[in-house]
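What follows is chain A paired twice: with chain B in the first complex and chain C in the second.
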Partner chain A sequence: MLAYLVKRVFQAIAVMLVISLVGFAIQDNLGDPLRELVGQSVSEEVRQQLRDELGLNDSFFRQYSRFLGNALQGDLGTSYFFKEPALDVILKKLPATLELVLGATLIIVGFSVPLGVYTAIKPNALLSRLIMGVSIVGISIPVFLTAILMIFVFSVELNLLPSYGRGDVVTVFGNWDTNFATLDGWAHILLPSLALASIMLPLFVRLIRAEMMEVLQSEYVKYAKAKGIRPYRIYFVHALKNTLLPVITVGGVQIGTMVAYTILTETVFQWPGMGFMFLEAVNRVDTPLIVAYLIVVGFIFVLTNTVVDLIYGLVNPTVNLARMGA
Partner chain B sequence: MSLLSVRDLTVKFAMRDHTVTALDNISFDLAKGERLGIVGESGAGKSITGFSLMNLLSRPGFIDAGKILFRGEDIVKMPQSRMRGIRGNRMAMIFQDPMVTLNPVLTIGQQMVETLMAHRTLSKAEAEQIAIVKLREVYIPSPEERLAQYPHELSGGMRQRIIIAIALLLDPELIIADEPTTALDVTIQADIMELLLELCQSNKVGLILITHDLGVVSQMTERTLVMYAGKIIEAGRTREIINDPQHPYTQGLINALPQQTKPGMRLKQIPGNMPSLTAIPPGCPFSPRCEYVRDHCRTTRPETVQYAHVEVACHEVSRLHQENTEEQPA
Partner chain C sequence: MTMTTNPAKASRWSRIWNSNMGYSFRRNPVAVVSLAIFVFITAMALLAPIIAPFNPYDPAQIDIMNSEFPPVWIDGSDAQFVFGTDDQGRDLWSTILYGTRLSLLIGLCAVMLQAFLGISIGLIAGYVGGRLDSLLMRMADIQLSFSTLMVAIIFLAVTQAMFGSETFNQYAIYFLIAVIGVAEWPQYARTVRATVLAEKKKEYVDSARVLGFGPLRIMVRHILPNSLSPIFVISTVQVANAIISEASLSFLGLGMPPSQPSLGSLISSGFDYIFSGSWWITAIPGVLLVVLVLVINLLGDWMRDVLNPKLYKG
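After this line comes the complex of A and B, so read on.
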C-alpha cells in the first residue's frame, strides 16, 4: 500500500513538472514584462540593464529552475493587475469555484445513479426513453447556452431564483466563504450548479446505464437469479457494485474537467470564482495570474486523479495495492 | 409421483420477424433421487433445457408450450415470486464456468449467507455456521477463513466446490449441473464429478447432468437422454444406451469415443455437422448425416417408439437392429 502510494506521488510530481514547464513557457513567450513595468519613455539601454537585473537574459533553463524554485516556495509571481502574489489572488477565489464543483458533483451523484440504474433495468419503459432522449439534449447543448436558458426561465420569467453572484456567504474555517450555510446561499448556487452539471449528468446516466446493462448480462447475475436472490438485491448489491467500478475512474477525471468547465458557468452567472477571474486575467494579459491558474488547476486535476485511483484500489477487491507497488 | 415431469416442452427464440424452435416437444420424467444425464453436441438444446427447468431463459428465448411439473406444480404458470422461492432452495443449479459464476466483488461468505437468507429466516451467524458445514462437506480446507475471501483468491477447482456447496446449502431435491467440469483442468474434472456423485447419493438429491461426455454420463447417471437439434432422439437406462444404442446418432457418438478405436487407428467420426436451428431439415433432423437413410426419413418426422429397452425416434430402428445382429454373429 505504502509503496503504491509513493509510486503514485512520484507520478503526480512528474505530471506537475510538465505542467509547470508548459506554464513557464507561456509566461516566457506571452508579452514583454518590461512593457508592463516601465513606460514608453525609458530608453533601450535602461531596458537592457533592467533585463539583466531581472534575469530576463539568462538561459531558458536557468530562468525555468528559478521559476520552479520560487513555485516550490509558493511564489507563482505577482499579478500585474492586483499587485498581489498570484497564488493569494487565486486562493481567495478557490472556495467559490470548489463549492460550485461540489454542488454540481452532488447533483450528478444524486441523480445519475438512480436514473442510470432505472434506465438499465427497464430499457423499454416510456420513462426510460424520455430520460435517454433528454440526456441527448443535455449533452448536445453547450453549458453557456443551458445557463442562459435557465436564467431566462427561472430568474426572468418565473422570478424564482437569483441570476448572478454568490448571495449571502458565511465565513468558516478562517477564510473559506460557504454558500451552504444560508438559504440565500443555496438559492444562488442552485442554478450555476445545475448548469455545470448539465453536460456531465447525462454523460454519467448513459455511462452507468451502459455498464449496468452489460453487468446484468453477466454469468454471476444469472447465477444470483438461479440462487433465488431477490431482484432489488441483485440490482443494488450484485450489479451496482460492479457497475460503479469503471464509473469511479471516469468520475475522477471528470471532476477535474469540471473545474475547467467552471470558466463558462462562472462567466454567465458572474460567479466570483477562479474561472471568472481567469477570463478577466486573459483580457488584461495578466501573465503571472494566467500561469498560476494553469498550475493550480493542474494540481487539482492531478490530486483528484491520484485520490480516485487510491479509492478504486480500496473498493475493488481484485486490485491488490500492496502488490502494485512492486 | 415423480419429482419432475416435463411434458411436450417447446422453447422458441423470437427473432426480428420469425421464431426459431430451440426445443421441440421434449418430454421426460425424473424420480426422487434419480440421476439423469442429458447428452448431445453443442447447440443441441441441453443447456436451454436446464435453464427452462429453472424458468430462467434469457431473452429472446421463451417457453412456447408444454408443462414442467415440479412436485406436481407447473413451473411455467407459476408467478415469479413463487418461482424465486424454489430457485436455489428446492432446485439448485451449477453453472459451467466457475471463474465467472461467482460475483467478483462479494466474498464467498456473503454469497453463501445471502442464499440462505433469501429462503430462510435466520441470523447471519447461523447462516455462516451452515455455510461452514457445507464447505466442509465439499472438502474445502479451513472453511472459516474462506468465508472472508474473494473468488479471485481461489482456484477454479476450489470455486466449483464452493458452487457445489452453495447448491447444497438448502438441501434441495434437484440439482441441475450444466457441464460442471468443462471449464476445469482435466486433472480435477474427475474429482469434482466424484464429489458431486457422492453428495447426490448421500443426500438423496436428484441430479440432471448436462454434458457432451458419454463417459461421464455412464459413470454418474442411471438414465440418459440423447438430444439432437432440439429433440430427444433416444432415452432410456444409461447402461442400455451405452451398451446397445439404437439410434444411428447415438451409435455414432459411442463409436467416436477414443476407447472404441484401436491405438494408432483413426478415430471414427460422424460425417457432417448438426444443422443450425434455423435450418432443421423436414423429416428426421439426423437424415442428412445418417448412413442408413431412406427416402421417407427425409420427409416424415419419426415418432418416438419403444424398441428393445429404450425409447427411440427413428423410422429404421428395427431394420437397423436386424442388420447389426447379422453383422456380429454371436
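After this line comes the complex of A and C, so read on.
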C-alpha cells in the first residue's frame, strides 16, 4: 500500500509540473507584462532596462524555476484587471462555484440512488422504462440548453425564480459567501444546480442500475433471498453496499468534470463563480488570471483523481496494488 | 457476425440484412426510426446549398431590416422566412441547414481523428506490450482524468487570446476538430488494447506470425477486424459527445463565429434575445441539436445491446 501511495503521489506531482510548464508557456507568450506596467509611452532604452530588472531577459529555465518557486508559495502573479494577486481573485470566486457543485451533487445523490435502484429491481415496469427513456433524452440535451430552457420556463414565462446572479449571500467562516442561509439564496441556486445536475444525473442512474443488476445476480443475494430476508433489506443493505464502490469511483472523477460544466451554467445564469471569471479574463487577455485559473483547476483535477484512486485502492481488496503501481 | 449459407452468391447488402444485427435492427422500431431521422438530417445538411432558400454566408442576401421575424405560424411574420430570421436578418431555416452541416462535419472529423489516434496507440500498446504499453496506458489514464470540455475550453481560450479573434475565427473549425479529436483518444486506445490482448493469444495470430507476416500487417489486417464491434459502439457515443462538445464550445464563444454559425453558436446568439421574446432563434436550432444527438445515442444504445457479448451470457 505504501509503495502504491508513493507512486500515486509522484505521478500527481509530475502531472502538476507539466501543468505548471504549460501555464508558464502561456504566461511567456501571451500578452506583454511591460505594456501592462508602463503603457506605450516609454522609450526603448528604459524598456530594455525594465526587462532586465524584471528578469524577462533571463534564460527560460531560470524564469521557469522562478515561476515555479513563486507558485509554490501561493504567488501566481497579479491580475492586470483587478490589480490584486490572481490567486486571491480566484479564491474569492471559489465558494460560488463550489456551492454550485455542492447543490448539484446533492440533487444527483438524492435522485440517482432511488431511481437507479428502482429501475434495477423492476427493469420491465412502465415507470422504469419511462425513467430510462427520460435519462437518454437527458444525456442528449447539452447542459447550456437545459439551463436556457429552465430560464425560459421558470423565469421568463412563469416568473417564479430568478434567472441570474447569486441573490442574498451570507458570509460565514470569515470569507465564505453562502447561498444556503437565506430563502433568496436558495431560490437563486436552485435553477443553476438543477441545470448542472441534469447532465450527470442520467449517467448515474444508468450506472447504478447496471451495477445493481449485476449484483442482484450474484450468489450471496440469492442466498439472502433463500434465507428469507425481507426484499428491501436485501436491496438497500446487502446489494446497494456493493453497488456503491464503482459509483463512488466514477463520482469522484466526475467532480472534476462538473467544474468544467460550471463554466457553462455560470455563463448562462451569470453566476459570479470561477468559470464566469475565467471567460471574462480571456476576453480581457488577463494572462496572470488565465494561468492562475489553469493551475487551480488542474490542481482540483489532480487532487480529486489521486484521492479517489487512493480510496479505491484502500477500500477494494480485489485491486492488485502491485500491478496498479507498476 | 455476418453468417449466410452461401456467401458466394449473397451480395454484401443482403449479408448485412440477414445477419444477427440486421435482424435485430428490423425488430427494433426505435433503432429504425432513429436511423431514418439521422439519415434524413444528414441528407438535409449535405444538400444544404440546394435546399436552402438563402445563402447565410453571402452578405448580399442579408438585410438587417429583416432581423427577428418570427416563424410563419406566428403573427407579424414574413412568408419568405419559414422559421423566421435571426438577429442579423438571416433566414433561420437556411442558417440552421448550414449550421447542422458544420456541427456534423466537426463531430465526424473529430471522431475520425480520435479513432485514428486511439486505434493506432491501442494496437501498438497491446501488441508490443511491456514498458511501452505501461507508459502509453499511464498517459491514457492521465488524459482521461481531465475532462475533455475543460481541456478544450482552456486550449481554445488561450488560442483565441493569442491569435486574436480575427485569425481564430478563420481557423476555428480546425482548432475544434483538433482539440476534440486529441482529447478523447484514450476512449479508443483502452478498448482496442483490451481486445488486442485477448486476440493476441489466439491461434490465427500465431499462424500469421509463422507465415512470416510483419507486425504491422498482423495488427491492421488480422487483429483490427476482430476488434471492430467495440469500436463501432464507442464511435456512435463519441460522435454524439463530440457534437455536444462542439455546441458547448461554440456557445461559450470559443468555437464557430457568428458569421459562420454552427448549431451551438446559433443558440448562443439567440440566447441574447430570449428575454425580448425572440425564442425561436434559440429554440429551433436547440430542438434540432437535441434530436440529432438523441437519435445517435439511441442508435448507440441499440448497437451496444446487439454487439455486447456480455448480454448473451444472461
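Heads up, the rule we're going with is that the second predicted complex is superposed on the first by the 283 of 326 C-alpha atoms of A that agree within 3 Å, B and C clash if a C-alpha of one lies under 4 Å from a C-alpha of the other, contacts with A are read in each partner's own complex, and residues count from 1 in each chain.
Criterion: a contact is a pair of C-beta atoms (placed from the backbone, for glycine too) under 8 Å apart; a residue touches a chain by one contact, two chains touch by 3 or more.
Keep in mind the model is a prediction, meaning the values are calculated, not measured.
K.L.:
Have a look at chain B and chain C on chain A after the superposition and call it: clash or fit.
P.N.:
Chain B and chain C fit side by side in the superposed model.
K.L.:
Examine A:Leu161 and indicate which partner it touches, taking first as chain B and second as chain C; both and neither are also allowed.
P.N.:
A:Leu161 contacts neither chain B nor chain C.
K.L.:
So which one touches more of the residues on chain A, chain B or chain C?
P.N.:
Counting contacted residues of chain A, the larger count belongs to C.
K.L.:
For A:Met16, is the partner it touches chain B (first), chain C (second), both, or none of the two (neither)?
P.N.:
neither
K.L.:
First (chain B), second (chain C), both or neither: which does A:Asn242 touch?
P.N.:
first
K.L.:
Does chain B (first) or chain C (second) touch A:Gly256, or do both, or does neither?
P.N.:
second
K.L.:
Give one of first, second, both or neither to describe whether A:Val297 is in contact with chain B, with chain C, with both, or with none.
P.N.:
second
K.L.:
Based on the superposed arrangement, let me know which partner A:Leu145 touches: chain B (first), chain C (second), both, or neither?
P.N.:
Touch partner of A:Leu145: chain C, not chain B.
K.L.:
Quick check: superposed on A, how many Å separate the nearest Cα atoms of chain B and chain C?
P.N.:
After superposing on chain A, chain B and chain C come no closer than 9 Å at C-alpha.
K.L.:
After overlaying the two complexes on chain A, where does the chain B footprint on chain A coincide with the chain C footprint?
P.N.:
217
K.L.:
Once bound in the complex, which stretches of chain A touch chain C?
P.N.:
So the residues of chain A in touch with chain C come to 11, 15, 26, 29-31, 136-137, 139-145, 148-149, 151-152, 156, 217, 253, 256-257, 259-261, 263-264, 267-268, 278-279, 282, 285, 287, 290, 293-294, 297-298, 301-302, 305, 326.
K.L.:
Quick one: which bits of chain C touch chain A in the complex? Just the residue numbers, please.
P.N.:
Touch residues, chain C against chain A: 134, 138, 142, 145-147, 149-150, 153-154, 157-158, 160-162, 240, 244, 247-248, 251-253, 264, 267, 271, 274-275, 279, 282, 286, 289-290, 293-294, 297-298, 301, 314.
K.L.:
In the complex formed with chain B, which residues of chain A make contact?
P.N.:
217-220, 222-230, 233, 237-238, 241-242, 245, 316-318
K.L.:
For a test of understanding, state which residues of chain B touch chain A in their complex under the given definition.
P.N.:
54, 56, 58, 84-89, 92-93, 95, 97, 100-107, 114-115, 118-119, 150, 152, 166
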